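Listed below are the structures to be examined.
The two complexes that follow have subunit A in common; it is paired with subunit B in the first and with subunit C in the second.
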Partner chain A sequence: MTIAVPNALSRPGFFQRLSFANKSDVFTRVLVIAITIALLFYILLPVYWMLKTSFQPNQEIRVLPPIWFPTETTAHPYTNANRLIPMWRYVLNSLFVSVTAAGISTIIACSAAYVLARFRFPGATIILGLILLTNLIPAITRVFPIYFFIQNMGLLNSYVGLILAYVGFSLPFAVLMLRGYFESAAPPELEEAALIDGCGYFEAFWRVILPVCLPGIAAVAIFTFLNAWNDFLWASLLLNQGEMKTIQVGIGDFAQEGGGVQYVNAFMAACVVATVPALVVFVFVQRWLVGGLTAGSVKT
Partner chain B sequence: MTRQKYLFCYLMVAPAMLITTALGIYPMLFSLWMSFVEYDLLRINQFGTPFVGLDNYVEVFSDPRFVQTLFNTIIFTILAVAATLGFGLLLSQVLNANYRGRTAMRMLVCVPWFVPPAVASAIWMWLLNTDRSPINFLLQDAGLITSNIRWLTDSATWGPFSIPMMSIVAVRVWNGLPFAVIFLLAALQSIPRSLYEAAEVDGASLWQKFWYVTLPMLRPVLAILITLLVIGGLGSFEINYIMTGGGPQNLTNIMAVYSYQQAFSFYRFDLASAASGMIFIMTGFISIFYLRSQLKRVA
Partner chain C sequence: MASIEIREARKAYGSLEVLHGVSIDIPDGEFVILVGPSGCGKSTLLRMIAGLESITSGDIAIGNMVVNDLPPKKRDIAMVFQSYALYPHMSVAENMGFSLKIAGRSKAEIEQKVSEAADILGLRPLLFRKPAQLSGGQRQRVAMGRAIVRDPAVFLFDEPLSNLDAQLRVQMRSEIKALHQRLKTTTVYVTHDQVEAMTMADRIVVMHDGNVEQMGAPLELFDRPANLFVARFIGSPSMNMLEGQIEEVNGAPTFVSGGFALPLSQASPAKPGEEVVLGFRPEHLSIAGPNSVSTLEAEVIVVEPTGTETLLNVTTAGHAFLALFRARLDVNPGERIMLSIDPLHVHLFSKATGKRL
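Let's turn to the complex of A and B:
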């Protein structure tokens, strides 16, 4: 190990195959490490800056040049944020809408995904194609008619209207992901055995397949929850009055009003609050990420 | 037996199909129809919605702001896709290599994934605040700049590029990078080790292994990823809408924001639909090609 690299990086393992490598590999490795460090800075700085600001008292934020490592921390911005916007109420709204939408779309998606994964029937390819198309084409191309549709039903500025929009928005994604899961996780022998035993098709699905696939279904439910939780576009259109707003719209309002530097720690506190629930459920689905995300797109 | 099976299949798929049609396919087509009629909320009671052919498209294309917006959207998409791919390829290699602390690295790289786009916009607005941006102070300390960069408000342009556009692209890439990295990592893990071993026997350098083994093996996955990123970029909305609202001087305006503003600020749902119709045509075209190649592989 004759090259000069930082100690931590010259551990065995990192350069385990260095002896094989030629001179240009050393250069490549150093370059890759340098770019990776720069990228890590890019990836982590915004999150650190949000957390830091949300715990900083006002007088420290006003200091120039900005303080990188706060000497004093306070939870005051969190209570202050709730005074400026009804933050906790917004979080509850978001939770309610997202959980309901995730529940409904997962149940509907389950039955459709199962038959699309398992049976060949006339029209199955077309149905699958339409679902894929709806999943791919951006939401902005269908917001206006849906806005009028919800308005005509008198559901503008109601939870029901937003939940309906979320179910429509998340369903194609949930169907595709679950279809991939059913194909890979549930062997066809399972319900073949049940059918021979005299089960009906629905009974085989309900009693045999669903219990086996519960973990995957839970993961899909969490993903649809995240879709709804993260959404800004639909919520800003369909539910933008008073106390019923979702937290993402609350953040958007906060951003648009500007608020100035004196409120920025409260603003960042609201951002932390709007991120934490997503983070918590994210930890649960972590190990499903790769399989789940590729299921919908790679294997159709 | 077959009839019973088909009946079961259709019953099971019916609710999903009903919702996908009512809240997906039908609104998309209705939106397209709106772009061919007059749909001005301020005139609709008096004049209804007469068919006007391509007039709405002619009207938006004669608006220089729209043409600029269309170019912005394309440049925004190209820059964001290119940066996401470049960074994604590099980081997925790093996360796939063998070293202590790899799990921690994987988690750190995934951090922006669970930040909602509205929050990502909010954080970056504060981080890029002209007078208080830590990045400006770092650059000043390094002697690279003499006056603060106005990240989101500088209206100087270099051809189609401007500082606010770059900032917005940086936020978009930041938010979307983890998805690309994990997507590519999954693909890297499925490349057989024997290919690399064979290359090593032949004395290939790291770069050669990447160029002659990794990239060719990644090609199908890269095609999918690029398609998804391009479609996502063309329909992107939240970050531009929240951070700049399309400004300064329309420099960061993109199609979805233009469409949204035409609809809900000026009540011109016909022009809004013409703009979103452009997104529909572009993304629909790409999607159809994508679906054909995907469905062919299944059949």
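Let's turn to the complex of A and C:
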């Protein structure tokens, strides 16, 4: 994952290790750094442009050549965006749908993955095979079946319908990943030790397996959250009316309602708002993703 | 404190039976070691006592109560795993106090018991470390600490020393022994290392292919192995075997193999004509003197001096033997020497059944 990079960079000795002995290596080193900077520029430029534009007065955006570093900034686009669309409401919708979907699918995935990792029972391999299979089917082929499925259940344009769809999409990956995690991070002896120490099955899971596997579980939850948060396709199909829209759909519609032409800065402000929660989640939970908690429990 | 009775215990995985009716009685306070080659079912039996593995048929009783259907937590046992299985997210103190916490004991009591155990095992300076910050030997000690704070009726160990280096293993061996002498808790200890078994056990149970081959005190097994398997398994270096038959020479039963003849004591139950296997330990071979009767001429293949002892690999008439001397011998590979067998220390086994005669 990309989050490992800043850690590696900030570790003392990273650049010392990069330092090379002779002159031709100095050239390689300069080249490596130059390419890195170019790549960063390429990746970050659109983000910078979005951020910059969201603080610029509208007339400044149109001028040619473009202004790279605005001298004058304003928060007006943000209030304007909220005036033009119910931006905060959309954000709350997105948060609600994404958090709920992530929570539900993590809980279900935990239980399923745990059973698949621990217990041998008839049909286990078939279940695993089927789960794998669903991952192999391109998402787009599922559009119609699922749309009609949700429609027939009368869940079109409801939070429940969208959450159900997100949970369904994220489960296969979540189960497979957590099963692997349970198998490698929590060997059966750990649970057996807990059973002998006086726990029942549930208590052993709750007090030992769960805390030990928290990094993996958190990774799955975050992944599911981000997928749901960033989704446009399904949200635009299943939940596209009125105040219930997610922020991604809201922004999409805003683009067609003049955001792209008339209110570029307000549009960009809405985009920033749609990006920030994902970023915050990422930064906040980084430490769970680092893992390594289990080192030393079992000597291999 | 409790006795353990295992009656006709069987274990099958599907149609594959791995334990074929094992019966063992372990009196209260005894230190019993299950020993046997890899895959013979030692761990399986231990895990059945612990309640981690179901019992296909037969009974296991702890403290006169049949525990077949009790979950591990109701059996009042503590177990030390080969991999230690410490809880990685807890400190040493939390690891040791976990069972008491689950049992709902007070904080003060937990603290007191943990610190007692920490003193016994020399873990006091490490109490607030995580398992990842400990060496292998220290982790092993924490695993033991986790077992002793509970003051259980039975200790179960599954090869607890096999991940340690040789020196530490010897040290922990005597520590575990000392701990047992102090706590007097009934202990079942699994190992495949027969030296560990000999030095630590009150009683050894030798297992092979899901059966108990013999049980008894270490020296009993060493001196009177019940069959060929035990004879080969117990003792290091292991016993020499020579096939032959019993013949009557001058009215006395005599073991004969090729040109070699060894008169047996009159009390020997072996009948003339019987096909037998003669067993003799490497240390019961000696360099033949001028008056020796039953001698073997052997060629020295390898000389292994250890300082206190000399181990010779020799061959005679196509048979390879080991000979152990508590002295420094001045022999070289390729030399021919005359060896004699101490007739008081030979073992006779039926070739057909492998049983001791």
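By our rule, the second predicted complex is superposed on the first by the 220 of 300 C-alpha atoms of A that agree within 3 Å, B and C clash if a C-alpha of one lies under 4 Å from a C-alpha of the other, contacts with A are read in each partner's own complex, and residues count from 1 in each chain.
Please note the rule applied: contacts are C-beta pairs under 8 Å (C-beta built on N, C-alpha and C of every residue); 3 or more make two chains touch, one makes a residue touch a chain.
What you see is a predicted model; the values in this text were computed from it and never measured.
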> Which partner does A:178 reach: the first (subunit B), the second (subunit C), both, or neither?
Replying inline: neither
>> Comparing subunit B against subunit C, which has contacts with more of the residues in subunit A?
In response: B
>> I'd like to know which partner A:198 touches here: subunit B for first, subunit C for second, both or neither.
In response: second
> Touching A:222, do we find subunit B (first), subunit C (second), both, or neither?
Replying inline: neither
>> Per the contact definition in the header, classify A:117: touching subunit B only (first), subunit C only (second), both, or neither.
In response: neither
> Which partner does A:209 contact after superposing on A: first (subunit B), second (subunit C), both, neither?
Replying inline: neither
>> For A:133, using the defined touch cut-off, is the partner it touches subunit B, subunit C, both, or neither? Pick first, second, both or neither.
In response: first
>> Quick one: is A:187 in contact with subunit B, with subunit C, with both, or with neither? Answer first, second, both or neither.
In response: second
> For A:266, is the partner it touches subunit B (first), subunit C (second), both, or none of the two (neither)?
Replying inline: neither
>> Need the overlap of the two footprints on subunit A, from subunit B and from subunit C, as residue ranges.
In response: 293-294, 297-300
> Within the complex, which stretch of subunit A touches subunit C?
Replying inline: 187, 189-190, 192-200, 203, 207-208, 211-212, 293-300
> Taking the complex as given, what residues does subunit C use to touch subunit A?
Replying inline: 50-52, 71-73, 77-79, 81, 83-89, 98-99, 102-103, 130-134, 136, 139, 146, 150, 163
> Hey, which residues of subunit B end up touching subunit A in the complex?
Replying inline: 4-6, 8-10, 12-13, 15-17, 19-28, 30-31, 34, 87, 90-91, 93-94, 97-100, 108-127, 129, 131-134, 137, 170, 174, 177, 179, 182-183, 185-186, 200, 203, 205-207, 221, 224, 228, 231-232, 234-238, 241-243, 245, 255-256, 259-260, 263-264, 269, 272-273, 276-277, 279-280, 283-284, 287-288, 290-291, 294-295, 297-299
> Which of the residues in subunit A end up touching subunit B in this complex?
Replying inline: 11, 13-14, 16-17, 20-22, 24-25, 28-29, 32, 35-36, 39-40, 42-47, 49-50, 53, 61, 64-66, 68, 108-109, 111-112, 114-116, 119, 121-122, 124-125, 127-134, 136-146, 149, 164-165, 167-169, 171-172, 175, 201-202, 205, 226, 229-230, 232-233, 237, 248-249, 251-252, 254-256, 261, 264, 267-268, 271, 274-275, 278-279, 282, 286, 289-291, 293-294, 297-300
